[in-house]
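Here chain A shows up in two complexes: once beside chain B, once beside chain C.
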Partner chain A sequence: MADVLVFDKVSIDYRGKAGVQRILNDVSFSIPAGGSMGLVGESGCGKSTVALAAMRYLPRGMTVAEGRISVEGRDTAGLSDAELRRVRGNRVAMIYQDPMSSLNPVMTVGEQLMEVPLLHGVTDRAVAFQRAVAMLGEVRLPDAEAMMARYPHQLSGGQQQRVVIAMALMAEPALLIMDEPTTGLDVTIEAAILELVRELRSKFGAAILFISHNLGTVARICDRIGVLYAGRLVETGDIRSVFHRPAHPYTHGLLSALPRIDARGKGARLHPIEGTLAAADRARPGCAFSPRCPHMAPAECVERSVPMVPASPAADHLARCARLEAVRKASQAAWRARPPAEAEVDAPILLDVRHLTKNYELGGRFGGRAKRVVRALSDANFQARAGQTLAIVGESGCGKSTLAKTISGLIPASAGEARLGDADLAQLPVDKRPRDLRRRIQMVFQNPDSTLNPSHSVEFALARPLKVLRGMGSGEAKREVARLMEQVQLPPDLLRRMPHQLSGGQRQRVAIARALAGEPDLVVADEPVSALDVSVQAAILNLLSDLLERSHVGLIVISHDLALVRHMADWVAVMYLGRIVEYGPADAVFRPPYHPYTEALLAAAPKPDPDAGAPTVVLGGAMPSSTQAIVGCPFASRCPRKIGAICDTETPPVRRFGVHSIACHIDLPPPAAGIRSQADAAAPPP
Partner chain B sequence: MTEATRDIPAAAAYVEVARARPRIKLGALARVWNLLSYSPIATVGAAIILFWCVCAIFAPWVAPYPPNKIDSALLAYPYPTSQHWLGVDHLGRDIASRLIWGARTVLIVAPIAVLTAAALGTFLGLLSGYRGGAADAVIMRVGDTLLAFPKIILYLIIIAKFGASAFNIVAVIGVTNAPIIARIVRAVTLDVKNRDYVAAARMRGESPLYIMLVEILPNARGPLIVDLFLRLGYTTIAIGVLGFLGVGLPPPDPDWGGMIKETYGMLFVWPHMTIIPSIAISSLVIGCNFLATGLRESSVDG
Partner chain C sequence: MLRYTAKQLANMAITLFAVSFLVFALNELSPGDVARKLLGAYATQSQVDILYKEMGLDRPLIVRYLEYMGNALAGDFGQSLVFRRPVSELLFDRLGNTMILAAISFAVIVPLSMLLGVLAGMRERSLFDRAISVFSSICASIPEFAMGVFLLAIFVVWLGMLPGVSPLRADSGWAVWMQFVLPVLVVTFYDAGYLISMIRSSMVEVMRSAYIRTATLKGMSFRGVVAKHALRNALITPFTVILLQLNYLVSGLVVVETLFAYPGFGRLMLEAALSKDIAVIEAGTLVAVSVTMLTQLFGDLGYMLLDPRIRV
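Coming up: the complex of A and B.
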């Protein structure tokens, strides 16, 4: 079969103020008709440039310096602007991460979809309308006719992305480029979109170039994979050969840095990749990864250029590595699992939360509209224990961040209590808390870009809490700052740097040091690693768990990533629509009996295993608005196991299995002793 | 959204990786130099401002004649000559010397007036943005009311009431410009107060004053400096207008606006007497605008 997209030894240069920079270096791959290729790599590796180059749509200053890019056998360099436009409009379609950037906010969905056939020679509007409705049905949007009259902002994120996919497919493209199409979406929505893409691929036969930072999503829908590092393709091959027998040390690193939902429990350690990608690595004549590689040998890796060589008996499995033999031997020896740590159920309770509730009131004052109440958090009950990690899991909008802010006192609670020792945190917003109480509870925030004040040096950021919370003088604080830096494994010369001079991972380490400066008893971490690259993520997670293990600090970690939670948590609370639907020790939550929502989350979590197959449960619909009063079970509208009218009318009872509790109408069987969990039965990672 | 943007276009990523530019380690002076060499428009602006500053500071030595020395004999030929480079005015006073001494007035009164506006506006903007609610509503509505008045009429009313003096000019310009600066600071405050580092400051129990001054204000520095230079230009115009209307600084001290006012009746007889001081005012205004533009460009590029 003819190849739809061919990259033949492509190099791309960027001419900027700082001179010429090679953004892509000798990248070769091809995608046959109906094939799908995944491109993975950390941020800044050049994967989006590949997408833009395929459309010949490079930003100003970037040029194809060497090599050939052809679409359907035609070299794009030789095409005139008009021909290029025709190729972009008819043969190639692109889907971006943010669906709103592809949709026109002032046009209805229908108009935007009908535009496509009307531009491609259909003159009859009725025909165009029929095609658009049919395509909306194909992307599984309910009530397609009504959907046609809606504006983009009236749709949820998942629905918007479906409309974008429909629009892309309307032109019947030969090549579909997807650049992180599911990154902003919740796991359950992501799973549904990926299923859709998989289905449509076999139906429409378009070739797919799928760009992602997430190995799990790539494993689910691609049959080939390319790993990019510093603008070079370091490994490419059939998805199974690459995942099961990774050859390049960087691929190895990515796979072992990834938290896995089938880990054996807390304590299974992640292996971060040492070091970071530096600007100079792009220009290296030898292997770009060599400064971070444990197998580096100067003569082979640094001094001469490293070609792509066959990496395994499988056809087309290539890797850009000079020391494949050494890497293969070392990786067999390296894998050793730590025995899973048993959760101590009887560790002293640090924070006891009972019936915690937070309602926001909207409107009603001057707005003229009726007052509405957003029930962000309803009747939450849980305990955080000293030296243990409690994870709060759920999709966006489930109230997990509200919970974190209520405990930390940034917003006042509406009702309920949260006892830390003698104090009731629910009744004490942060400015009313005595100094000692403020010291005892600190927070690590999600976004590394806003966690540190851009106007203050690292030293200032760390010394200030020491002075305020522990009453230290300048000299004493200075010594303590040095100790904190050592604790979070940062070199002392970073102290004088400003935040914009640090990488995301370094900033998050400083934020952790700042939270630990007051020697807190409890740290609340709101998505501490969700904005970081996989390899950095692993290092930060290891650091957090090491620090807490040593110091007996309790940790509440808020996350949407179940795989990460599996690695960190002793206790898990699963939240849906402001309520905790399941709560218990991690080992109990991750094995049946499940709450149906937990089951769906587990099924939806992307697994870095091409043989994992389709998820067993795919949730439809979207989370209902939290302004409506909930009668019955909050999950009833999406529940795949709904048993009947009782779910809509009666609040589900809390079923208890020891310390494990599930709020559900289904009469769940107690966990059978001796039955191993799904996780234990799964094969160990390579 | 729980997930932040993870992938950035390669060009942006490249800028991020290449962040260790040498200029970061340099001192303040070198940083100014770096900015100027980076932005030609800022260089031109700074050069004009610097020129007038040098004139003002060294006026006693630079000015060829005493500014108020009247010599009616020169009126026979008041145009530029080798003795009087820019000619003399209707009383036979040397225009170049009067411009040089006049620069002192403008360059003392205008910056003090702008700084007064900045202090007042920053305080109100921080308070308004951080506190919100009633304080915000009152401050911003009073500011809007003030902005709704034609400024020149405000100037005239107040100066007619309290008399023309440097102090009154500073006060009236300070008060009328403060609402605009307050708006800028308020906008930054509204954005910054929801950042995580402010939450972190609240969690360690910092006072609202500390949060406003140490956590928020430094982040308004960029837009504030740009705006101050723009205001400096406008204030130069305002002082000129006040002088022209006869409510500027009292004569006989040279004042650019006053120089225009005294001579514009003779515009068609001796045009240079009016045009030369007008050019002086324009050059300073343009200098301030250029510098502000250059600063804004460089802050956008990072």
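Coming up: the complex of A and C.
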């Protein structure tokens, strides 16, 4: 059977103000009918351009300079407008990141679904309606008929993405292109959507082009994979060959930069890829990766163009590297896992949080409506310890950011206390805190731009807290700034730069240096790396763990990424609907007995392993709104292990296993000595 | 939505009372009293005092206000000092004239700017888009009086095709409908320029959005995408602004009305203000405030109809 999608030596140029730039360079791959191919790469690698090119929907200024793209055997460049319209939505359909913005806000879901058959041959609205209802059922949306009359904003993020998937499948296309379809969704919803895609794929037999920055999601969906770097395909092959025997140094780098949830414990060092992708790398005649590659040899890599060559005995496993043999030998020697470090449970307590609670009051938008209370945080209890990392995990809306903001004084708590030494942070908004207390707690945000003033140089940003919080003079501050820069591994010539002249990773380093400038006791980091690419992320994580090891700073890290938490945390608090449902040392939390919610989160987290199989538990539904008063267990509406009415009516007891506590009605067995955790049983990393 | 409307109407009534009281009180406090004005500078103080009593001006402010409002609700806004006519009659005439001018202009401006704005915005940076953008920003930046003088020079002085004044009287030598042409033209150029660029930028933003891409990649034609997906979204933001033009057209046409000697509401208010014609000012303010609040209400309601996200 003919291939559904073929890219044959495709190059795409962008003609902009800065001249012509090559966005894609000599990209070749094909997807057979029913096959699935994943494209991975970091931001700017050109992966979304591939998707748009396949649809012949390139942004203004971009043109296919060389090569051909064919869909079901037909060159798309030769299609007339009418023919193109018959292909789009009908033979090839697309699913996008951010479903909310890809649905028309002023049309009902039903109208938007019915459009597809009505555009492609169906004339009877009743028929179109029936098909739409049926398809909503296929994507497991409850009460399909009622769903038809809803507007997109009335659905949750997961439901919206299901609607987009239904829309794409309406015409039973031969090829489904998915561009980051689960980015921005919570892990449990992501897992459910990926399962749905897998299921529908076998049912409808559509081929899939799956584009993602997340190796874990690709591993779950695809049987082939292509790795893009600077607009070039650097490695393609069967998913198992590439994951188990990565040939190209970049692929290698991506895989070993990834924190892994199946790690044996905290502490194994990540291997970041040094450097960043520079704009000039796209135009390099030789290997685009050469400036960052540890195996680079000028004669082979830089001076002549590097073609795709067979990378392993497996059929179709190709890599664009001139020194495969040398790379293979070197990387076999490189992998050495550090023995897991035992958490020191008895490090001195820095921050002692008891019964911390935060309620917001909301009025109706046009007044008049009854006030509602949002219970953002209820009765949180935990401790942060000097020199250790406490991770707070949960899905969006679970209250983890409220917690961070309460501790840092950005919002006042409603009740409870948070003691740092003899000060109660819960009652002290940041502007009422004495200077010394402000110095002792510092924040690092997901987006460093919110802390760095765009009109101040790096030097100014770092010197200011030194002068204000530590009362240093100019000369002393200057020396200290230099030391801080060295600590966060930034070259001193960046001091004069403005924040916008730095890369995302560099900005985050500056933000960290700034947080450290006051010599704090406690740093609160809210999703510190989730806006960064994998390779940069690893470097920042290593930096943080080094800094912690050297100083006795306590770190509270807020994250939705369990792999990252596994990698960094000594202590973990799992939050759901404003409550901490499980709390304890990381090794205990990541090993049975689990709280049912922790278990579901662990199962849902995408693992960069093609053999990981389907998650054992997939949560349905979404987190209920925190405006309703909770009777019983907050997780009862979604809990796969719910034991009965008692969960709905009675607050679950807190079961303690030493310092590890779980709030659940299930009478959990204590952890048996010698039992290997689920994580331990998984395959060791490559 | 009904509840919202009822509530807004109630709010409106309260605001009107408050405004009317405020205007009433302010006029009382302003220098120069009514009796003196009526009798002229040469009347003796005792004459003034007598009239003052006769007019009941010695009673407390609140009593007089209530009496005024009672009459007003019955349609009697008192006498105009300058025109020596009942204010209600005067207002009715002038407001009627203004309404005609406003209605014609509105009927020209809105479809014109929607058409041009949408056509320009649907293909950003096309030749047509650039032409329209230049045209609309020129129109919006020329003040009304300059545009008026310019058009007068062409059509009246040079071509002699149209009348230079629009008193709306058949005996002025020109058919009444021809007297509307120039005022409408001036208002249109000025106001449409602004609306076009507003609608255009809203359309441009919509055309860049992800749901337009979704619609295109469903296999829909460009026309279909514009008509079914872009249009309604592109009109949401400009909608309130379009309705706000009614305010301008009813109470903001002073310059155009003066320029063409058009007997309208704006000019009436100007004259009343200049000659301290209190009864007219009071009634006129109430009219202007009501118009503003009504358009606001219609704006909100239309907004809700267009955008399901903010339905109450």
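Note that the second predicted complex is superposed on the first by the 679 of 686 C-alpha atoms of A that agree within 3 Å, B and C clash if a C-alpha of one lies under 4 Å from a C-alpha of the other, contacts with A are read in each partner's own complex, and residues count from 1 in each chain.
Please note the rule applied: a contact is a pair of C-beta atoms (placed from the backbone, for glycine too) under 8 Å apart; a residue touches a chain by one contact, two chains touch by 3 or more.
Quick caveat, the model's predicted, so the values are computed rather than measured.
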Exercise for review: Have a look at chain B and chain C on chain A after the superposition and call it: clash or fit.
Suggested key: fit
Practice item. Go through the superposed model and pick first if A:R85 touches only chain B, second if only chain C, both, or neither. Key: second
Review point. Is A:N453 contacted by the first partner chain B, the second partner chain C, both or neither?
Key: first
Exercise for review: Considering only touches as defined above, state whether A:Q489 meets chain B (first), chain C (second), both or neither.
Suggested key: neither
Study note, to complete from the structure: In degrees, rounded to a multiple of 10, the angle chain B-chain A-chain C between CA centres equals 30
Study note, to complete from the structure: Chosen between chain B and chain C, the partner touching more chain A residues is B
Review point. Taking the superposition as given, does A:S625 touch the first partner, chain B, the second, chain C, both, or neither?
Key: neither
Practice item. Check the residue A:P105 against both partner chains and state whether it touches chain B (first), chain C (second), both, or neither. Key: second
**Study point:** Minimum C-alpha separation between chain B and chain C after superposing on chain A, in Å
**Key:** 8
Practice item. Would you please give the residues of chain A that touch chain B in one complex and also touch chain C in the other complex? Key: none
Point to revise | Residues on chain C engaged by chain A in the complex (per definition of touch) | key: 4, 7, 209-211, 213-221, 224, 228-229, 232-233, 236, 306-310, 312
Study note, to complete from the structure: chain A residues touching chain B in their complex are 14, 16, 18, 21, 23-24, 43-49, 52, 59, 61-62, 97, 179-180, 183-184, 186, 211, 213, 231, 277-279, 395-396, 401, 408-410, 430-431, 433, 435, 438, 441-443, 445-447, 449-456, 461, 464-465, 468-469, 498, 500-501, 511, 514, 518, 527, 530-531, 533, 560
Revision key, fill the gap. Chain B residues touching chain A in their complex are 1-11, 13-21, 24, 195-197, 199-200, 202-206, 215, 218-219, 221
Practice item. Please name which positions on chain A make contact with chain C in the complex. Key: 55, 57, 81, 85-90, 93-94, 96, 98, 101-107, 115-116, 119-120, 151, 153, 164, 167, 365-366, 368
